[in-house]
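The letters A, B and C name the chains in turn, as written, and every chain counts its residues from 1.
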Amino acid sequence: MNKISVYALAALMAAAATAQQKIVVDGSTTVGPIAKAFAEYFMAANPDVNITVSESGSGNGAKSLVNQTCDVADMSRPMKDSEFKAAADKGIQPVAHVVALDGLPILVHPSNPVQELTVEQVRKIYLGEITNWSEVGGPDQKIVAISRDTNSGTYETFEEKVMDKQKIREDCEYVGSNGAIRQRVQSTPAAIGYAGLGFVDKTVKALKINGIYPSAETVQTGEYPVARPLFMYTNGYPKLGSPLYRFVTIHLGADGQEMVEEIGFVPVTSY
Amino acid sequence: MAQSPSKSLVMSDAASLRLRLGGWLGQGLLFLVTSLSTFAVFFIFYFIFKDAVPFFKLEGTREFFTSTRWYPSGHPPEFGALPIMVGTGLVTLGAVVVAVPLGIAAAVCLSDLLPFRMRQVVKPVIEILAAIPSVAYGFFALVVFATVLQNHGGSVLSIGAWLVLGPVFFLLVMVAGDLLLDRLKHMLPKPRLAGAVIFPALGILAFLVLRQIAARLAGIEISSGTNALNVSIILGIMALPTVVSVSEDALQAAGRELREGSYALGATRAETLVKAVIPASISGILAAVILGVMRAIGETMVVWMASGNAARIPEPWYNVLQPVRTLTATIAGDMGEADHVTGSARFHVLFAMAACLLAFSFAMNLASELIVKRSRKKLGK
Amino acid sequence: MRLGTRKLLDKAFSGLGLMAIALMAMALVLILTPIIWRGSKAYLFKGTIEHRRVMLEQFGRGDAKAFNRETRQAAEARAPVYRMLEEFEAEMKAMDRTVRRNYKDAYGEVEEALHVLLGPRPGKRTPVLLRQQYGQTRWDRTMVKLHEVLYATEWDYSTPGAMGVQIEKPRVDQFRGTRLEPLFDYLPAHIDEMMRPRTTFYWRFITDTSKDSHIFGGIWPEVLGTIYLTLGAMLFAVPMGVIAAVYLCEYAKEGRIISFLRICISTLAGVPSIVFGLFGLAFFLNTIHVSDSKSVLAGSLTLSLLVLPTIIRSSEEAILAVPRSYKEAAFGLGAGRWRTVLTVILPAALPGILTGIVISMGRAAGETAPIIFTAAVSVGMPLKLWETMNQPTPALPWNIYNLCTEHEAVDEIRHVQYGMVLTLVALVLLLNLAAITMRARIAKKLRG
């Protein structure tokens, strides 16, 4: 107890000097890694600014921005009309900053011999019309379908680009994040899932969709069918030169682009 | 303290009034602070129900309670919460199956069987089990237990079967053998010899059956380690301390006289416990079970992390090897997208779920209070 | 029933009870063992030279001179590796284009794997991302990554209708007869000199901030956040709880209102923790706006409601345990109610009340669900005290969840996750231990 209070007191005294600025970032788990990397990069250069990043889903990001409980809303889908309307009602003016492009690779366990599916087949798998891998040229195994939780922009992108807004089968498992998808797929031989491009590694296999392998190039050229931009939204365009402005423009600089690329996404400006 | 002698021992009227007023005021203040917790309860109910009611107004109650289709973000959305409630019920039932027999047995052991010194050793075990944060349990369930279940699911199940069914079968053999002997006593010339044959024979039979069951279980492959079984076991362990400590209190409250009376009638310790002590404290034990259920039903992190979150009623409904989704996990997981700025049904449905949880735990709580009160009356305390 | 069987049943019954206890103890051991064993590896592990480099460059810690000497030695050991790479690159350039194509991809993989193992190649531009500026900091991860340099994992799908089988192809086979071939013998033989593993006791894991979202460094922001949240919750809950207990024990006359109050308190105790979270969001943040974003304050308020019933109950018990004679003696000496409560009853009940407080501190520290919507974020700096009024914070329970499900490099930072779990469990158990010893002391005092 004593120690704790000493620490608290020390913390209090140590920095009684400067008032800190804060930037609160909330939203998509897909954009999360980018936001976290940007935040650390920014804080390393500007120790007087505290940036907090939460990963709670795109919808939550929009909600927080409208409620003015965050400064930057990470979103892996564009804002919806209803969200714009709610924002306008509260006098908030959401401005989008596209920080990166992302593909949505369809992931299977590396031991799965299936290499390629069509969008149609993926849809049928998630609709429950295809339930066995043998129906798409794989072994005789029941397909374990895994989806992102419905609170994610990733889910909504998938719903729009692949599912054609039809409803996913009932026995689909839902997990809360991209990392969890990868984890479930890498530990389940019969699984199929989808996640952001940045979450593909050796432990899972990304499938060719309609004959196109998801990669930075194919996402950028638009050949890969399941792709989307990633956003950061702010309330109005931030004041030039302000910390917020510098934060949401990191992706335009060379360092920002390198970070985006290294994390596994596609920088927007690298034509 | 030395009082000045000049002061009169009798208070003036004004001073007395002031003192009384002060007392009243102070007491009122205390009452106010105390009732803050009441306000908190009211506020919680109010805020949850306030946001839950619009859902029922928008969507009606029928779909929520009877439909099995849960597509909150679909076009149009569907809000069938039935599979989620079944999932909650299933894992809670699983937790009860794990925690209640184990908990009551442990409580009996603690209150009547173990010597005082051993009890001092065992109590901290229970306290530690109770103190471990739920996220640590969840981490264990997701990172360790789910992996083990998935990779060695069959062996885990068969070991579990040995551990659980072994003692049960042993007891069954004892009782069945004894009953058989009783029946055959008059027909056989040498009862002692018969006993020597019957018990081992039954024992071997039980062993074979058990081995068969274990072998069957060992053949099962678990396709996904994050399932109802995983969560049930972990929730059971989490509910154990509650069940143990509350039912131990109940057992001890049954009193010495009861036990001594039973012993005096020639009962063994087991008979005393089963036939006298446990029936006498059954209401307390029931309260313990209810509290255990509440602990399991309200738990969020473990189910969110390790239940698989599939909003579907397992097939068949008792298949615990399939992933399920619970109310608490749905609230935690879906809150992110549900936008209350536009006041959509999707936001309010989560509050409707919270309201269900709240109503249920409130009812359970009242029930347990009532049971405890009644048992106190019965025991004359 | 025969007497013999009855006796046997009696024994069997005792056996069942003991077995239940044994099972319980086993569950505890099974759960705690991996947490303690692997959690301790976050603190005590074999650190490589890269760990010391991170410490020196990122935290300004360590003996620069000794480190430079060590770096020179390591660089000497690594030099042949880079020489081989350069030689092979030159060789490749000289190759015919069709031949070169065979090597290009394979070489790219080797180069990438080497970067992961040893850090960036000398002379190359320093990457922006911190995680790419250093090689493997831990010996166990080094061995994993070394394996990835030496072997390519491929999958054999040749059996139709079956799952593929994993095969590990030695990469050396791809480079037979080239200048790169000796590399694959050199690496395992000299990995010790290149990485210079040394047993490291990294106790500052608990007081270091994290670098590059927990890939390097420690967990101080989380620990501090947990401390703030816990103490904050106590700040609100303790006065309210103790006052309520005093009122219920000393002033209240049993009646309708009081039994209603009691029902409310036990209802509050039964509210699921996630509902507290929803309430905290709906009330503290969206209705009365205690802060303009999620904040420690909002989280503390929510947590304080959660632990309030526990504090009320334990304080009540402690006050009721104060012998009647104390109170009567105080009244007999002419003390008023107020004075009796303040000077006699509360001091006598203090240890019991403290026990309850300490236990509920453990509860508040470990709760996750109430802070999801009210206080927790996944990345943030350690906060100054006054910043807790309007800023959110990372906290151990939430970040354990976040790191083991949402982090992009879940497998790379298992040790951090286990370390966090261990730290949280240790924190909570220490609090409970304190409570247990305190209670033992009280019991002794009451007996003696």
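What we mean here is this: contacts are C-beta pairs under 8 Å (C-beta built on N, C-alpha and C of every residue); 3 or more make two chains touch, one makes a residue touch a chain.
Source: prediction; values computed, not measured.
Undergrad: Quick one: which chain's Cα centre is the longest way from chain B's?
TA: A
Undergrad: From the Cα centroids, identify the chain that ends up most central relative to all protein Cα atoms.
TA: C
Undergrad: Counting C-beta pairs in contact, which two chains come out on top?
TA: Ranked by C-beta contact count, first place goes to B-C.
Undergrad: If you average the CA atoms of chain A and of chain C, how many Å lie between those two points?
TA: Chain centres of chain A and chain C, defined by C-alpha means, are spaced 24 Å apart.
Undergrad: Any idea how many Å lie between the Cα centroids of chain B and chain C?
TA: Going by mean C-alpha positions, chain B sits 27 Å from chain C.
Undergrad: Chain A to chain B: how many Å between their CA centres?
TA: 38
Undergrad: Would you mind listing the residues of chain B that make contact with two or more other chains?
TA: 304, 335, 340 - these are the residues of chain B that touch more than one other chain.
Undergrad: Give me the residues of chain A that touch two or more other chains.
TA: Answer for chain A, listing residues that touch two or more other chains: 56, 67, 175-176.
Undergrad: So which bits of chain C are touching at least two other chains?
TA: Correct list: 286, 372, 405.
Undergrad: Would you mind writing out the residues of chain A in touch with chain B in their complex?
TA: Going through chain A, the ones touching chain B are 56-60, 62-63, 66-67, 82-83, 85-87, 90, 142, 144, 149-152, 155-156, 159, 165, 167-168, 170-176, 184, 187-188, 190.
Undergrad: Once bound in the complex, which stretches of chain C touch chain B?
TA: Checking each residue of chain C against chain B gives 1-2, 5-10, 12-21, 23-25, 27-28, 31-32, 34-35, 239-240, 243-244, 246-248, 251-252, 260-261, 263-279, 281-283, 286-287, 305, 308-309, 312, 336-338, 359, 362-363, 365-369, 372-373, 397-398, 400-401, 404-405, 414, 417, 421, 424-425, 428-429, 431-432, 436.
Undergrad: Can you name the residues of chain A that touch chain C in the complex?
TA: Counting only chain A, the residues touching chain C are 4, 7-8, 11-12, 14-16, 20, 22, 24, 26, 29, 32-33, 35-37, 39-41, 43, 50-56, 64, 67-70, 109-113, 134, 139-141, 175-180, 182-183, 189, 198-199, 202-203, 205, 255, 258-259, 262-264.
Undergrad: In the complex of these two chains, what residues of chain B are touching chain A?
TA: 68-75, 78, 83, 146-147, 150, 223-226, 304, 308-312, 322-323, 325, 333-342, 344
Undergrad: In the complex formed with chain C, which residues of chain B make contact?
TA: Chain B residues touching chain C: 19, 23, 26-27, 30-31, 33-38, 40-44, 47-48, 51, 101-103, 105-106, 108-110, 113-114, 122, 124-129, 131-140, 142-144, 163, 167, 170-171, 174-175, 177-178, 181-182, 237, 240, 244, 268-271, 273-274, 294, 297-301, 304-305, 328, 331-332, 335, 340, 350-351, 354, 357-358, 361-362, 364-366, 369.
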